[in-house]
Amino acid sequence: CSFPGVYKLNVQQGNIVTADMLSQLKPGMTQRQVRYVMGNPVIQTPFDSNRWDYIYTLEKRDEIVEQYHISVFFDAAGNYSHYTGSLPADKATEDDTSSVPQEERSNDSVVNPES
Amino acid sequence: CASQPESSTADGNEPGFPDIRETTDIGIEWREKLGDGSGLRYERLRPLVVDDTLYMADASGSVSARDLDDGDSQWSIRLDLPITAGVSGDNGQLFVATLDGALHCLNADNGKTLWTTRLTSEAVAPAAFDNGRVFVHTVDGRVSAYERSNGRQAWSYENAMPVLTVRGTGTPLVLDQLVVTGFATGKLVALDKVLGIPRWDARLATPDGRSELERLVDVDGSALWDNGVIYAAAYHGKLAAVSINGETRWEEEGSSYTSPAMGLGNLYLTLDDDSVQAYDQVSGAPVWKQTALRGRGLGQVVTYGSWLVVTDREGYLYVMNQVDGELVGSRLLRPKPLHVNYPNQTEGANWKALRGRDMGVRSPLVATDDGLLVYTNYGELMLVTVEAD
Amino acid sequence: ETFVVEDIRLEGLQRVSAGTVFEAFPVIVGEQVESTDLVSASRNLFRSGLFSDVQLYRDGNVLILQLVELPTITGIEISGNKAIQTEMLLDGLKQSGLAEGLVFKRSTLERISLELERQYVAQGRYDAHIETEVVALPRNRVSLNIEVEEGSVASIRHINVVGNEAFSDEELLKQFELQTSSFWSWYSSDDKYSREKLAGDLESLRSWYLDRGYIRFNIESTQVSVSPDKEGVYITINISEGDVYSVAEVKLAGNLVLDEDEFTRLYLLKNGDTFSRRKVTVSSDYMSKRLGNEGYTFAKVDGIPKINDEEKTVDLTFFVEPGKRTYVRSINFTGNGGTRDEVLRREMLQMEGGWASTDKIEAGKNRLNQLGFFKTVNVETPAVAGTDDQIDVNYSVEEQLSGSLNFNVGYAGGSGMILGASISQNNFMGSGNRMSLGVQKNDTVQSYNFSYLNPYYTIDGVSRGFNLFYRQTDYSSLSTVSDYQTNTLGGNVTFGYPISNRQRLSFSIGYQNTEMFEGTTVPAEIIDFLENEGDNFNEYTLGLNWRYSSLNRGLFPTAGTEHKVSADISVPGSDLTYFKMAYTANYYFPIATDWAVRFRTDLGYGDGFGDLQRLPFFKNFRSGGIGSVRGYTSNTLGPKGLPEYSVVSVVEQDADGNPLYELDELGRPVVDDSAPTVVYTTDEDGAAVAASNGSQYKPVYVTDSNGSVVTAPYYLEDERALGGNVLAEASMELIFPLPFVEDRSSLRSVVFFDAGNAFTSECYVPYDEEVPTLTQHPYCNEGIDLAEVRLSTGVGLTWITAIGPLTFTYSVPLNDKRGDRTEGFEFSLGQVF
Amino acid sequence: CSLLPDDQAMAYLQAEEQPLTRVPAGTELAVQDAYPIPTLAQQQQRPGSFEVPRPAPYIEDNDADAVTSLNEYSSGAINARMDKDGAGSAILRLDGSYASNWAAVTEAIAASDLRLSDLNRSTGTYYLEMQTVVPAEERGWWASLWGSDEIISETYLLKMNRARNGVYLSLLTDADTLADESLTLDVLKQIKSKLEQ
Amino acid sequence: CSSTEKKPDELTEREYYSDAREALDNENYMIALDRLNLLESRYPFGSYAEQAQLEKIYAYYMTADLDNVLANAERFIRLHPLHTQVDYAYYMRGLATYEMGFAFVERYVDTDMAQRDPEPLRDAFNHFSELLTRFPDSPYVADAQARMIYLRERLASHELVSARYYMKRHAYMAAANRCAKVIKHYQKTPAVADALAIQVEAYRALGMQSDADQALALLTLNYPQHAQLVEGEFVDSGLAQVDRRSFINIISFGLLD
C-alpha cells in the first residue's frame, strides 16, 4: 500500500441514481420522460444502441469504494422497456455521495455568513 | 442660438453691443441688496406689489415686505428651508413654496405663517389664487388646488409628462370658471376651477425630431388673458390666441420659453433665439421683429408705458418702442467688474467663470406705477424708472 | 423628328466607367429614336445619381452625351473640436457611410452635420453647433471643412428628493453616483447626466430604504429638466417612504434536498429583526451556494416577503428549487499559450463526468491562482445545449512572467554588487516544473547552483526535486558579519506530498562539506570553535518540512493563512551534530477592495547535541534587511562576536593622559597595530585600570564594586554580527492600492512595521588565562531580551518585471542602538518581501 | 537545416486525411463532423512545399470597360433565382454581365417601393433606407434616455458581388454585418419580382 | 516615366507603386512598407491604393508582424469585398492565425500532441474554411485545405491529451467520453485509432464489456497494426497504473516497496 497520509483525490464519476428514480420508471415511457426522471446518462458511447447506462463509481485512495451500474433498455419503437442492475443495499443517504474528504468540508469552504 | 451678433460697439465696451440711439433716460430710484440671489436652482423668484408695499422672497429662505417708493423694509422673516417659488398673494395672504415641496401661507401684515401644506412635488412657479383657493403648478406636471382657509387640498389634475422637459413651469391663469395652464406636453389645458376636471385643451406645439432634445415642446410662460381671449406661447411651437371655449383664433410661429406681453393692440414675445417679435393682437400677423439683441440671453419682455423693457444675461436693461421695436435705451444694472477682461469673452461670462457669479437677470420684471421692479440674479432688487428725455 | 442612331459618344467622363453610362442610357445603336425617347433615356441616366448634369447633342446620326460627374469627397477637415478627437468623429462618419471617396451630394452635407451633432449630444454637449463648408478641388474633387462649436457640457445643477422624512437629503444623495457640480467634478465628472446612472441611483435609493425596513417605499415620479440655455440639468425625485416593517416569521418551502438546519444556519434574519432586502438576498445566495456544493449548480433560492400592513410585519418564505443535480461534461482551458494543458488540469478537484460542485470549481480557480503562473483566472459554467443537467466548466487564464532570466548586474543591500547569470523558471517550458541554474559572483559570495523541482512527479502531486551547490563566502570584506570564510559544497534530494488539499509534507536528504578559514579580527567564539572542531566538516542532513496554505493567490495573496514548519538535523555520524527548527506564519485578511493587512512572524531555534553544546556559529540565525527587520543592514542584527586583541601594559602616561608605549630598540613603540589594542595601567592595589586606547573599539571592561576592572582582554565588536541560535521576528503590513496606477496586477505596495532580532540561548564565556576573573560574557543576556528587539517602519514596493521581482523599501529604524548599521533606502532584485 | 528540430507548424505538408472508420455490418457509428472541410469542385492535391505567396501585381488596364461593345448591354436573359451562399445566407443569383445586371437592378429598385438613398457602382453598393422598429435600449445614448419605442429609418447595403458566371445580390447592414434573414428574403423577392416584369 | 529624378512627393501613383514593388523584390520589406504607406496617403483612392494595401499584408508577413497582417487583411476584406484579389487577404488572415497557434515550445519541443491553447487553431480553421467556401477557385485553396486537415489533426490530438490524463487519474468515464468525442466529431484523423484503444481500457475498467468489445472490434477492423494490438491481442497501455507506486518505493528510487 502507499505511504500513509499521501492525500489522494477522490475520483467520482457518473450519475447518482436513487431508489425513487427507479420506482418512477414505467414501461412505455418515451425517452424524454426517462430523461426527465433519471437525468441524462453521463457516459456517451459513440455506438448508438437502445441502451442507456447510468453508472456510478467513487474511488477513494486508489480503490473503488462504491459502484453501481443501471442499464435502461428501450424497445424497437424507442420506448422504455426495462432496466437491469441494482443499487447497492447499503446505499446510505445523500451525503456519503460527496467525494470531498470530511475534514475539507470545514466551515470556510462555504462563504461564512458574516463576510 | 449662441452665435454673437455682429460686433459694432456703441457706448458699452462689450464686443458685439448693439448700437442704440439713446432717446430715453433710465434712472434707478433705489437699489437694495436682498439675500444671495436666485441661487442655482433656476427658479424665477419675482416680487409682488400690493397697493404700495412690495413683498419679496429670496432663494436662501427669507421673505420681506418693503415700501415700494423707497425700498425701506417693513418686516422680514426667515423660513427654515430655501424658497423655490416666490411670492404671490394679496393684501391678506402671501404664498411661497419651499425646497421640501411645501406651500407656506403667510400673513401679509407681519409674515407669520398661517398654514403650511404638503405639495405633490417641488414648485418653481408662483402660486395663482382667487378669493377661495390657491392653484399651484408643480414640477411633476400636476396642478393642485388648496383651500385658502386651511390649505386642505381640494383637487389635483395630473398630466402625463414627457421624459425630458425644460426647467420651469408656468403660473396658472385663473378666470372665473377656468384655470388655464400651459404644460410640458405643448398643450394649453383649461380645468374647471371647482372640480379640477379638464374642460378643453389646445395644442400649441407637436414634438418631432429624433432626439428628446429636439422633441422639447414646453409651454413655460403663463397664459395672458384679454377680454375673452387667452394668449400663450410654447417652445419649438406657436404663439396662439385661444377663445374662452377653446377654439384657436389664430396661431403664428413663436417658439419661446416666456409669456407674451400686451400693449397698444400688439402682443410682444421674446423668441428662443433672443429676438423680440410683435404680433397684431387681433389677427396675429407679425408686425415687427427686433433682432439686434440676438444671442444675448434675453428674459421675459414686459410693457411699461409706450415702451417695451427686457433684460439680458449680461445684466443690461434695454428699452424699445412698442410701435416699431426700435431700441431707444439701455443701461448696465450690475456694477463694473474690477478684473481684467478676457479678449473675446463678455464680462458676464468672465464673472461667471472667475467668481461663479451670475450677473444676469432671470426673474421676470414687474411694472408698477412708480417704475419697474428688477430683481437681479445676484440678489439686488431695484426700482427702475424710464422717461423720454 | 426621328433618326437612326449610328453611334453614341461620351464626353466629360472621369471616374464613372463608360459601361455604366451605356447601360444606364437605354438607347441601342441602329434603333429608330425620336426626341421623347432621348429625354426619358437622359432622365434615366441622371437618376443613376452619378452625374450633376447630362446634355444631349446630335452630330449627324451620332449622339453626343455631355456628362458632368458629381464630385467625390477627397478630404474631410474638422476643426474646433477639443472634447472629441478628429479620428473619433471621422470613425462616426464612416459608420454612417460618410467617408472619403463617397460621391458628394447635397444630402451628404446634411447627413454629416446630423451625425456629428449626434456624437456631441451623446457626450452631453447639447448646444454643439456644426457648420460645413464645401471647397472645390481640381479633377472634380471636393473637400469639406467642418467648423465645430462644441458648446459646454451640461452639468447637473440640482438634485432634490421630495417626500423624505426619515433621512435627510444629504444622507440620501451621498448614495448617488450623480452629484451636483463640485470642485472635484472636473476629475470625477460625476455631474454629467446619464440615464443609466440615474436608473442606478434610483435603484440604490430604493435599496437604501428596503434595506432599512421601508418595504412599502415607492418612487412616485422623477423629473429631469434642462435649462433653456442647455447648460444645466435639474433632477427632482418624488418619493413616499411608508413605514418600517419588521420580520414576523421565516419559513422554508420547496424541495430542500438537504436537511432543514443546513438552511436555517444560514438565515441572516430572524423573528423581530427589522426587514432588510439585502439580508434576504444574501441569505438566499448562501443557500443556493450551499446547494451548489452538493451538485445542484442550477439551484435557485428566493426569499418572498408576504406583507401584513396592519401590524407592519413581513412573513418571509424562502422557496428552494434545487433543479436537477448537474454533472460536468467537459473542463476546458483557454489562454494558456505557454503552459501545457495537463499543468492546469492536474490542479482541478472537480472531475469531468462527476457531479458539479461549486466549491470544487471555485477551489480549482484558487489553485490555478496559487500556481503563480497566471495574472488572471476566470471560470464560467455554461449549460450544455439540449440538456438541463449538464454544464461545461471553461477556465480562461492570462499568463504572466513566472520566472526571471537575469544576466544581471544587480545590487542587493546585503551583499553589494552582484555579477553573474541565473536562469530561474517556475514554469520551465510550460511544463510546470521549477528549474533554476545560477552563477553568482560578488565581493562576499561566489556561488554556483542548480535546482530542479517537479511538483507532480506522480499524478497525486508527490513532488521530487534536486539541488546541487558550491559556494565560497568571504565575509572579510563585508564589515557587517564576523570575519571568516567558508567553502561549502553539497546537494540534496527532496520529496514532498500533499496530506490534504491544503497541507504538504516534504522530506529532504542531503550531504554538505564545509571548509572554514579564519579571517583577521576573528572573535573568540570562532577561534574556540575552530580549535575544538577543526575546520573541515562533513554533514549528513535530514530535513522535514510541513506547509499549510489557504492563500488565495500564489503571488501577492490578499486573503488566507500560511504556516511553514521546518526542521533540519545533522545526523550523528556527521562531524557537527546539531538541529535547527524554524516556523514561519503569514496571515492575510482583506479589509476593503484592493486593501489588505498582513501579519508575519518568524521564529527559529537551533542547538548542538552529542558532543557539540552550541549551534555551529556559521549556522546561526541572523536578522535585519529585506524579508526580516527592514531598516537595518541585512544580517547585521543579532549578538556580536568577542574578538581578542593584544594586551599591552604601559607604565607612564603623558600630560594629557595618552599612553606612552614602551619603545623597542629601534625606538618604535611595542604594539601590534594591526589589531586594536587596549592599554592598561595598574592601580595602586594591582587591579588593571584601562587607559584610553585611541581606536574606536569599546573596551570590554567591567569595574567591580570598588571600581577596579574585572575583565580586560576583549572588546565588543560593534559592526560584525555573529548571529545567535534563537530568532524572533514579527511584522505587520498594510497593503494598499498604489494610486494613479491602472494595472496593479504586477505591483504590491505596503506600509510596514517590523520588529525582531536574533538572540542566543546560552552566552559564550570567553576564557583567557591572563584575566582569570573574566567569568561571563559582559554584554550578552540569554534568551529573548526585549530591550534588544529592534523596531522599524516604512513603505515598500515590489514590481514583477521581466527580469524578476524588483523590491524597493524606504524604512525608518525606530530604536536603533549605537553601533547598529541602518539603511534608509534598500533595493533588491529577485526577492519578494 | 537549422539546429532546431523540425518545425511542427510545417508538418502539415505530410498530414493526410485518414479514411472514415469502417463499421462492421449491422452497426453504425453516430458521426457528425465538428470541423467539416468544404468539398471543392476540382480535387486539390497536397502541395509539396510552402512559400509565402505574393499578391499579383497591378497592371493598369483602364480600357477594359470602354472596349465592351454596346450590344452587350442589351439585357439578355437574367433569370434571377433565389439561392444560398456558402455560409447559408439568402442571395439572389443573376446571369449576364455585371454592367447589364447593375442597370437592370437599378431599374428594379426604382420600380419597387424600396427607397434608394444612394448608390456607388464602383463598390457595387445600393444604399436602401428601410423603416425598422428599434426597441428602446439600442438607440443612441441620449435618444435611449427617453424610453418609448421608435420607428426610425436605417441604411442597408444591397451588394452586387461578381461570381464566376453572372453576379449575386446580398443584403448587409450599414455596419457590414449580415442583415437578418427575413428582411433579406423580403428585399430580394421584391427585386426578383420587379426584374421579371 | 520621366527621366529627371522628381522630388519624391511629386511622383505619380504608378511610380510610387513601382518603387515599392522594387523594394519588395529585393526583400527590404521595411522600405517597401514606408513606400506603400506613402502611396496610400498620397493617392487614397483608386486601384493603386487597394493594391498597396494588399502588398502591405505580404510585407508585414515577411517581417513576421502577424498582428499587423491580421489587422490589414481584415481591413482589406471590409473595404474591398469585391476586389479581384480579395481571396489573398482571406488566405493571409488564415495563415497569420495559423502561425499564432504554434508557440515556440509547441513547434520544437512537445512534438506531436497539441498541448496548449486550442483557440488560435480553431480560428485558423474557420478562416481557411471561409476562403474555401467563398473563393473555391482561388490559387491558395490547395495550401489552405492541407493546413485545415493538419489543424483538425492537432485539435483531435488536443482531446487525446486530456483523455490520457484522465486515464492516469482513473477518471474512466471522462476518458471514455473524450475518446467518444474524438471518434464522433474528429473522423478522418489519426487520433481515432488511439481513442478507440483508450476506450477499450476505459470501458473494461467501467465494466461495460459489450462497449469495450465493440471498440476493440472497430480497432482491429480499422487499425490492425496499432501499437496495442500484438498479434491481434489487445495489450494494456499501462496508463492507469502510472504513478501508482508507493511513496517508499518512490523515495528509495524503486528499491524497496
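The chains carry the letters A, B, C, D and E, assigned in the order they are written, with residues numbered from 1 in each.
Keep this in mind: a contact is a pair of C-beta atoms (placed from the backbone, for glycine too) under 8 Å apart; a residue touches a chain by one contact, two chains touch by 3 or more.
These figures come from a predicted structure and were not determined experimentally.
Engineer: Hopping along touching chains only, can you work out the least number of steps from subunit D to subunit E?
Structural biologist: 1
Engineer: Kindly list the shared contact partners of subunit B and subunit D, in label order.
Structural biologist: Touching subunit B as well as subunit D, we find C.
Engineer: Following contacts chain by chain, what is the lowest number of steps it takes to reach subunit E starting at subunit A?
Structural biologist: 1
Engineer: Measuring between Cα centroids, which chain is at the maximum distance from subunit E?
Structural biologist: So the chain farthest away from subunit E turns out to be B.
Engineer: Compute the centre of every chain as the mean of its C-alpha atoms, then state which one is farthest from the centre of subunit C.
Structural biologist: Relative to subunit C, the chain with the farthest C-alpha centre is B.
Engineer: By Cα centroids, which chain is closest to the centre of the whole protein?
Structural biologist: Of the chains present, the most centrally placed is C.
Engineer: Roughly how far is subunit A from subunit D, centre to centre by C-alpha average, rounded to an integer in Å?
Structural biologist: A distance of 50 Å separates the two centres.
Engineer: Take the average of all CA coordinates in subunit A, do the same for subunit C, and state the distance between these two points in whole angstrom.
Structural biologist: Centre separation, subunit A to subunit C: 42 Å.
Engineer: Approximately how many whole Å separate the CA-defined centres of subunit C and subunit E?
Structural biologist: 34
Engineer: Where does subunit C touch two or more other chains at once, residue-wise?
Structural biologist: 118, 121, 126, 329, 351, 353-354, 460, 462, 497
Engineer: Residues of subunit A that touch two or more other chains: which are they?
Structural biologist: 3, 6, 9, 11, 13-14, 42-43, 46-47
Engineer: For subunit B, write out the residues touching at least two other chains, lowest number first.
Structural biologist: 163-164, 210-211, 213
Engineer: Where on subunit A is subunit D touching in the complex?
Structural biologist: 46-48
Engineer: Show which residues of subunit C lie in contact with subunit D when the two form their complex.
Structural biologist: It is residues 8, 15-20, 22-24, 26, 28-29, 47-50, 95-97, 102-103, 105, 107, 118, 121-122, 124, 126, 194-195 of subunit C that touch subunit D.
Engineer: Okay, in this complex, where on subunit E does subunit D touch?
Structural biologist: Going by the criterion above, the answer is residues 14, 17, 21, 24, 47-48, 51, 54-55, 57-58, 61-62, 78, 80-82, 85, 88, 91, 95, 98-99, 101-102, 106-108, 111-112, 125, 129-130, 132-134, 136-137, 139-143, 145-153, 155, 183-190, 192, 214, 217-218, 221-222.
Engineer: Which residues of subunit C touch subunit A in their complex?
Structural biologist: Its residues touching subunit A are 257-258, 266, 268, 282-283, 286, 289-290, 293-295, 324-325, 327, 329, 349, 351, 353-355, 357, 359-360, 363, 387, 389-390, 460-462, 497-503, 505, 550.
Engineer: Note which residues of subunit E are touching subunit A in the complex, please.
Structural biologist: Within the complex, subunit E touches subunit A at residues 169-174, 176-177, 180, 183-184, 203, 206-208, 211, 214-215, 244-248.
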